[in-house]
Each structure stands twice: as structure tokens, then as C-alpha cells.
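Alright, structures below, take your time with them.
Next come two complexes, and both contain subunit A; in the first it sits with subunit B, in the second with subunit C.
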Partner chain A sequence: MTPTLGRRLGQAGTVGALAVAVAAPWLTDPYTTSLLARTLVLGLVGVSVALLTGIAGLPTLGQTGPYAAGAYAGAVVGLHVSPVGVVQVLVGAAAGALFGALTVPLVVYARGVVVLMITLAIGELTVTAASRWRSVTGGTDGLAGMPAVQPVWGMGVLDSDRARYLYILIVVAVVVAVVLTVLRTPAGLLLRASRDDEARMRASGHRVTGYFAVAFVAAGALAGIAGSLLVTAQQYVSPADFGFEVSALLLLGVVIGGATSVGGAIAGTALVLAVRDWFAGLLPGQAPLLLGGLFVVTAYLFPRGVAGFSAGVATLLRTRTRRGTARPDPGGPGEGPVPALAAPVRGGRAHRGPGAGT
Partner chain B sequence: MTGHAAPLTDSVDPYLIPALDGVAYGLLLFVAASGLVLCFGVANILNLAHGTLYAIGAYTVAALTDGGWGTLALALVVGVAVGAGAGGLLAGLLAPVARRDHLTQALLTFGVALAGGAVLVAVFGPDNLPVRIPPSLEGTVEVAGHRYAAYRLVFIGVAALIAAVLALVVARTRVGMLVRATVDDADMVACLGVNPARIRLGVLAVAGGLAGAAGVLGAPIIGPAPTTADTVLLLSLVVVVLGGLGSVRGTLLAALAVGEIQTLGVALAPAVAPFLLFAAMAVVLAVRARGLRARWPRLRPRWGGAA
Partner chain C sequence: MADVRVGSGAAGPPALLTATAVTRRYGSLTAVDAVDLRVVEGERHALIGPNGAGKTTLLDLVGGATRVDDGRIDFAGRDVTRLGPARRARLGIGRIHQRPAVWSSLTVRENVEVAAWRRVGGLRRVATPGRFRRRLREPALALLDRVGLADLATSTAAHLSHGQRRLLEIAMALANQPRLLLLDEPAAGLSGVEVQRLAALLAGLPREVSVLLVEHRLDLVYALADTVTVLYDGRRVASGGPAEIRDSPEVRRAYAEAVR
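Here is the complex of A and B:
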């Protein structure tokens, strides 16, 4: 397959997926539409997870933190200040970015599994704080009774599942387009290069820590936007929306989606949520058991996601004569999921490219 | 002197019991977190199923004890054995992905935690189970003019003993030497002829046993419930991060600090209680930022040495 053909196919797939996404509320019932709206919201959080995990190489289990910050900020604004959607989205983004900026010193100096650990602690502490800070968050009861959202000044309110879904689809599409555009600029390249070979980037005079800090704050803003959209989607918010299971599901979705791809993150998250809901309908009460099995099976089958899996197979086919490991060369941008993770944190065993001096 | 001291004791007095509770809580967290830090430091695995291993111990004691000493001892043996067995099982599950990235291993252990939690709820039901302790420990004892639960006082002693034994084993024995060597350079240890797979199995089993023991002994403090695994995992993680990811002394200090924050902190400043753990993490990481910056990327946790 030639690269141009591959790109055309990818574009066609994106256009097709968008068309289906726009048509979806007319093809299904309102309940499914509201589920799809929530899926879109979590897909956007998935993008923020993929930005950190795959593209910056900082694996995170804590994006529920800024997600929660954005949700509560959006909810408080919706309840007391303004029903205008744009305002809520901007406030959510600001809250998520602020959360990211406050927690970035805890994260940015760590790498690899330590980041997982710290972000997990941050995410869980946020949930704990949210369930105890009753005066603002309503505690475990959550915040309800949000007035219907008005997308921009002068427009009618969103009073149906279909309208809310379409509004969320538009916001998510715009945000994802912005993310993709930014990732194509040198900024995205710098981030990937910092992930792939931090030592060489430092030696070239790049402020890698600064890049990671910016990426972390930006990912916080994305999650914050998703949080404010969650409030629009379900008109209710409680700490249960940000539990540990949500973080893990997001990470699983992002890994299945190939970790480095923005579209893959959305698709993977949607797949994982669909499977979870399917399990819940299939065997009520047994969903966690089946879901746990799914995690284990995924870890065995797709260690670097479906995209990484196919990339690995391709590399294996191309270099069959070389030594057996199907580890893709961490050279090309965009592919080769998370070499920064694959490289052991401790010394030794680090088969990295030539000149990867540490 | 006494005239001056009396108001001081009066102002300290109401906080004595929460402070003592904090020590008990902190030592419990230390026993739980030491297993996690062992997994992480030696095998380089973020074991998200660690809280579930604690829950297994807690459910064991709830199921086996009838209030007698014999059944408590039996529960301790069974809890440690089941915890160690579950840890070994986890090592077996992790073996095929041992060479893959941390993300895969974390996802795998989370899947095990999810499934294990579901199995525990299916077997023991969704309610918080009561834990019966021997009648002689049920009462209270006099501590500096206050009545204090006897069990917690005994627990403090037992947990301190476990902590001391653990520190001695790591610092003084051949096994401890091997553990410290693996933390420093796993490949060199492998070159010396020690099978890394066996080290991983041993470490996960010992970590599971520690979590099981913590679950059995700590059940009257953090009891068996569907949320137990999450609570213990979160608090252990905070302890491990605060403790500097590897030193026994650091983990112990962090565990005691978290225990005090969760008890004394809540008693002193209930308004900001939800954020105290956050604040503690921020303060410790800020104070040590320079040291951490130099240390974390290389990850050389020091066991038994100076924190």
C-alpha cells in the first residue's frame, strides 16, 4: 500500500465516521443518543490521555482530575452564572488547565511507571476531595438541576438528546481538529522527539521539561473541556463519574487505539465503552469480572494497541531475517507506540537507536 | 514549671487519641505499602491489584474468626498464605508480558484487580462485613488518662514488629542483599546467575503475603468492604510516592505522616481535610524537587539505607 493511498483511505474513513456520527441521532433512539454523547465526551478525555501517554510518553491514569475540575467548574457556572455553552466550555478549559498547572510540578520530573503512580494518586485524591467538599461539589450526592444549555448567546436552548448530542459533536470535532493541527506544527514534532530521545533533545538545547509541562497543561485543558461537556450531556455530575475505573477504561481505550493516534484514542475509548455497556446488558452484575478479563486479554493480545499490533506485524514481515523481536524502530513520527515506555527505566537492556546516549 | 505545663497538656490532650490512632493507621499503611514498594522497586511493576490482596486478607479474617485467639491465628496464617498465593498467581500472569512496557503490566494488574474485586463481592456479598476480635482485645485500656481501644494498641506493637523484621531482612540477610542488588541493577544480578523470573515470583509472593497480613491485622481498622481495595491502593500509592519510591525509612515516615493526616489532621482542621493529602504531596515534592529531579529518571530506590 502506498503512503498516498493509505492517507486517502484514512481521510475517507474519517469523513465516513463523521458522516455516521452526524447521522447517528436520526438512526437510533434517544437513550442511545445520550449514550453516544457521553461516549464522545469520554473520547475527548481519551484524546487528552493519548496526548500524554502516546505522544508525550507520560503514561497517565489521572486525567480524571482535570476532567472533574472542568465538570464542576462548568456545572457551577451553569447553575449560578450563565447557561451559555461557550462560556461553560471556556470555563471548563480554564479549570482543567489550572488543575494541570497546579499538578504539573508533581508529574513533570518523573518518567515511565512513576508517572502512572503519581497521576493515579492525583486522580484518586481529586475524587476523594470532590466527594468531601460538599459546599461546592455537593459531595457524593453530586450537583443536579442544571438549566438547559444555550450554545451561544441568542440561540435556543438544547432541549433534546439529539440537540445536546449534536452540540457536543460539534465542540468535540472543533477541539480535535485544533489538536490535530497543533500536532502537525513543529510543536507536535518537538513533543514526539522529546518522547523518543530525551537525552539527545536536551543535548541539542531543548527544554524538554518545559515541553512536557506545556503538554500536560494543554491535556488538562482538553480534559476540562470534556468535563464541561459531560455536564451538558447528562445535566448532572457526581464523583462517580471520575472514579478509578474510568481512568483505567480510558487508558485501556487509548492503548487499544494505538496510544499515539488521536483518532485511535476516540475509537478505542468508544469501543471499550460499548463493550462495557454490552457486558452490563449481557450479564447484569458480572460486568466487572468480564471487564477485568478484557483487560487481561488485551494486555496479552494487543500490548501496543491494534494500531501498534499491525505496525509490529508489518515490521516483523519486513525484517524477518533480523532478530525476532517485532519491536518497531522508534524512528518514524506517529508510529512505534511509546518507545519511551518500552525502554526500561533502569540502566541496561536499553536497545535504543545508535547515539541514544544516556 | 507545672503551672506552665498544665495548660499545655490541656491543649494537647484532646488530640492525643487521634494522634495515637494516626500511629496505628500509619503502621497499617506501612505494612500494606511496603508490599507495593517491593513490587515496584524490585520487579518494577506497578501492581494495581495490591489493594485487592489486602481485601483478600480482610475478608479472610471476617470469614474465619469467631472471636477466639485460635481462629485469629488461623486467619493470619490463611490470609498470608492466600495473599502470597495470589501474588504468585499474579507473577505467573505477568510472566508472558514481563518484557513488555509498564502500561501493559499496569493494565493486566488492573484487570486482575477488577475481576478479583468482582469475585470477592460475589463470594462475600456487597455489604461491609463485621470483624470479630478476641474479647480480651475488645475492651479499652488507660493511656495517659484516656480510654483507648486495646486492639489498636496491640496492633501498633505487632505492626512495629513487622516493620522492624522487614527492615532487618532487607538490610542484613542474603535475600535482602539480593533484593537490594536487583533494585540497583537487575541485569547484573541476572548475569550473576539468579533467575529474574524467580526473583519476580518471590517478590510478588512476599508482597502478596505482606498485603494479606496487613488485611488480616488491619481488618478492624480498614474493614472488608467493596471499596477497601481502592482505599488501600490509593493510600499505599500516596505513601510510596511520598516516601521517595524505595527506601524503607522513607516509606515508614510517609506512612506515619499519612496516618496522622488522616486522623489528627481531620481532627485539627476538618474544613480543609479533603485537601490535606494533596497539600502533603505538594509540600514534600516541592521540598525535595531537586533531589527528586535527579533521582526519579534513574530510579535507584535505596532499601535499608538512609532515606
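Here is the complex of A and C:
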């Protein structure tokens, strides 16, 4: 069957990308290396966005919230407590998870576009809080002057862009591997089923709201880890790192990457950042135009995102023919770039308004 | 209203489901208007009536997808009026939807496994996930065999036809080992062969499973049901055995008016 071929292509692509990622700091200059490190960090936030948007079906613009929480927590620990990277990463994860746990009641009862609006508000409030709470965050001046990070106890410090990049690459790779493993367990199955048809999940006795809450907290932890890595990457943190443009770029990257795929989220985020930071050099000042063009091209050529490309045109064709014969499918999987956006009232039908045939 | 109490009734088996004067309004429309309904253990109970009579809404009220505005619902000796659909499902109310609801991105077998999830295990689900999945697999395949989808076990549910989705959802509902099965127009949109398969499947259900069925195909209803309740305009107009209902002038009038 074609999925096997698609999977092989995907695996080959993953191995190739990893090889390039490891070799990159020897192939480029330190400045590019530091940009790549930041790309990895944002790619990890992209994974957390994809987990919610594509896999759980809760489209989010607010993962900058736990991202910021993790970053400031990591920075404060770096300044006052410990230069050890593992400690900072764990504290960042805890801060992101805590942020997720505190905001989860706002999000988990809403669906679709409403989630988008609520998470946008959460993200914006976080930025405002970060610029006002000077005693901890340094306000708009930000926090700087952390001592160089020491990955684990007894190891040397990360004193070059190359070292920082490799450290971040390792942490991101480990975290992504954990995410992929967890998604392969029943947990991933339950999340996808909840996204596909929530009413059916409830009719089978599943506590869907609880599953979404767990996913939201876990996504917060991922973003928090990314936040602590951001501090390692740029040794500086300020509210400008968590603004609306960052949320928007992340969602754009995740949609371009295919929304339902973890690898796609990283690839999409990297692509978006590359277009904004590098190709825009060819047309100075035209970065938004290029991003818009990129989005239109991807939406037309790869309706399932860049990751869906290797997963097979065949699947797409089969889906098309099925749509011709069957009823219009309200909650079909991955037919648009983002299932959750394509069906904003999904799951609401069981609770509101008269049913189709009373 | 009527003095229906749980497990009461001078004669006959105990009630599994008792709905007492349940009402549901949508704005100025009263979709279900003070309806009483009693399903005893093992009964096949059909709800019929013209479009807009409130049949699906009544099923939603029993399943918990919609809350009642008034009235009370008892299931298996406990008041479930305020419980959500997931809770009622765990107590043993299974259902299938008018538009078959399956998880499209999962395989057919995974659909049945996830549907049976809450049946197996408690702590074992977390402690030994591997063995837990294996415990789900065999019964899932057996159920798929029963509904005739065994060959499709590894295909993605998105690729199923309408009729196959319907059969799959029935397998999913059965996977939860319900005591009461709510069926919302199971024959709608099925081909002749599929309807036969469905009829045989429903006729073959063990008597431990009670059935509350909404169906427009009266041949199916009369073949299957022990009791038929007729709804019209949100109210119960008649209730009785199939023969009784078929010959009732009231029922004919209700249908004739709706057709005209």
C-alpha cells in the first residue's frame, strides 16, 4: 500500500534532515548558527501548537503564553539559582505546564474559532504582564547577563554559538522523540478520536474534556521547555520575543507544515522563519508579501501541508472520490489544512440547537 | 403525570428506563412535550411518528446529549437526569447517531477498540497498556465479524461507505456492552442488502440488551418491536403492541395529517 512508501520517504527525509541539522554549525557562520538555534526553539513551540491545533483540534494563538512563562522561569533560574541546563529545562517545563494548568479552564470548554480568540487574548495578556512586571521580568528592557549554561553537572559551559546550537538540537530531538512516542501510545489514539468526533467519544463514555485538559497542560510544558531553550540560545529575553507576530508565524508555520504532523510542524516553522529572515534579504522590506505568497502556494499545492506531501497524493485522491459519493463530512480528517479550523462548530451539535431530525 | 416509579408496576419485568414527563423546548418550539416512556429489561421499543415529532430529541434526552428542561429520567434504578452523556454511556446507555459518527482518522478496528475502552480495565489501562490493547483486540475483531466489516479492520474509517459507517457505529455501540441501545434511524440511507444485514443483526441481539429504536421503515419496526410508541408534535399519542398500533385509527390520522 502507498502509506508504507510514504512512510519510507518520510523516514528518509527525517534522517537526512537530522544529518544536515547536526552538520549545520560546521557548514555555516556563527551568526547563521545562532539563527538556526532560534529556529529549533520556535520549531519546538510549533510542535506544541501542532499538538493542540492539528492533533487535539484546538487551534491556538496562545502558546506564546507558556513559552514566555518557561523563558522567564529559565532566565530567573539561570540568573539566581543554577547555570545547569537540565535544571533550567525542567523548571521551564514546569512553568509552562503550570501556565497551561492555570489557563486550561478558559480554553477547554470552547471549540474552533472561539479557542483561537481566547488563546490570542491569553497570549497578549502574557506579553503585557511580562512588560509590566519589572521586578521579575525586567519589563521591556528584558533580562540579560545570565551566566553561560552548563548542560549537566560537571560539564563545561556552552561558550560558542556552535555549542549552544548542538545542546539545543539534542534537547529538542529528545523532547520531540518523547512526543512522538507518546502519540504512538493509546494517548495519541484518544486525542485523534476526540478531534474526529467528540460527541461519539462521549457516547462511548470517554471524558473528552479531561483529555483536552491533559493535552493542553502537556503542550504548555513543551512550550515552556522551548522558552528555557530560547534563553540559552540568545542569552537574553524580552516581551518582544512573545508578541502577536510570533503567535501568528507559529500558526502559519504549523498550518504550512501540515498541522497534524510533529515533523511537519518543525519543517513548517523553519520554512516560515527562513522565508522571513533569509529570502526576505533578496527583496528587502517585502517579508510579509513573501510569507503571504508562501502560504497561498502551500495551500494550493499541498493541502495537507509539507508533511502530507510524502504521505501520498494517493490518499488525497481516494479522499476526493469518497467525498463524491458520501454525504458532506462535517468532521473529516485532515481534508483542509487545519481540521479544527475547517469545522469550527464541531462537537457543538450534540449540545446546542435542535438536531437535524427531531 | 402518571405514577411511574422505578422498578414499580404491578406486573411484568422491571423498568430499565423510565422517562417521566420529559420536556425539551427550543425557543418557542416544544420539541418534546411532557412525554412518558418506559422501556423494560430486554424490550424492543420503537418510536415512530412523522418528521419533527420529537423522536431524535427524545433519544438525545435519554442519551444525555441534550438536557431536559423538565421531567426526570431514571435508568437502571438511578436518577440520571443531571448526568452527562459520557457518564450515562458508562452506566450502560449506548447509542448510534442518525448520521453515523465514527472516528475517521482511525482504522476500523481502532474505532471499535476506542469505543470499548471504558469497558476494560480501570488501572490496567495505565499500568499495562500493551496487554490492555491486546485485551481489546479480540473482542473488537469478533464484533467486526458480526457486523460484516472484518475484512476492512485495517482500513481507515474515512474510506468507508455510508452503510459501512452505520454498521461500524453499531459495532462501536455494542463494544461498550450497553444495557440499553439507542438506535436513531439505523436503516436510513442503507441499500437493500445492508438493510437485511441490519435487520438480522438487530434480531440477533441478545435479550440482555434492550433497544429503543427510532425508525421510519415500518416493516422493520413491526418485525422487530415488542412495543411501539407513536409521537406526534412532541407528544405521545399512542403506545402498544405492533398489531394494536398498526390498526389504531388515531395513529393513521396522525400520519395522514403529516403526509398531507
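Assorted remarks:
As a working rule, the second predicted complex is superposed on the first by the 281 of 358 C-alpha atoms of A that agree within 3 Å, B and C clash if a C-alpha of one lies under 4 Å from a C-alpha of the other, contacts with A are read in each partner's own complex, and residues count from 1 in each chain.
Note that in this section contacts are C-beta pairs under 8 Å (C-beta built on N, C-alpha and C of every residue); 3 or more make two chains touch, one makes a residue touch a chain.
Everything numeric in this text was worked out from a predicted model, so none of it was measured.
In the superposed pair of complexes, A:121 makes contact with subunit B only, with no contact to subunit C. When the two structures are aligned on the shared chain, A:193 is found in touch with subunit C, with no touch to subunit B. With both structures placed on the common chain, the touch criterion links A:295 to subunit B but leaves subunit C unconnected.
Contact with neither subunit B nor subunit C is seen for A:11 once the two complexes are overlaid on the shared chain. Touch criterion met: A:109 reaches subunit B, while subunit C stays clear of it.
Residue contacts after overlaying the shared chain place A:185 against subunit C, while subunit B stays out of touching range. By the touch criterion stated above, A:203 is placed in contact with subunit C alone, subunit B being left untouched. Contacts of A:59 after superposition on the shared chain: subunit B is touched, whereas subunit C is not.
Shared contact residues of subunit A with subunit B and subunit C: none. Remark: subunit A residues 185-186, 189-190, 192-193, 195-197, 199-208, 318-319, 322, 325-327, 329, 331-334, 350-351, 353-358 touch subunit C in the complex. If you check the complex, the residues on subunit C that touch subunit A are 26, 29, 31, 51-57, 60, 63-66, 84-87, 89-90, 94-95, 97-99, 101-106, 110-111, 113-118, 125, 129, 132-133, 158-159, 161-162, 169, 172-173, 175-176, 185.
Against subunit B, in their complex, subunit A makes its touches with residues 53, 59, 61, 105-106, 109-114, 116-118, 120-121, 124-125, 128-129, 132-133, 244-245, 248, 251-252, 255, 259, 286, 288-289, 291-296, 298-300, 303-304, 338, 341-342, 344-349. Interface of subunit B with subunit A (complex): residues 40, 44-46, 48, 93, 96-97, 100-108, 110-119, 122, 185-188, 230, 233-234, 237-238, 240-241, 245, 273-275, 277-278, 281-282, 285-286, 289, 292-293, 296-300.
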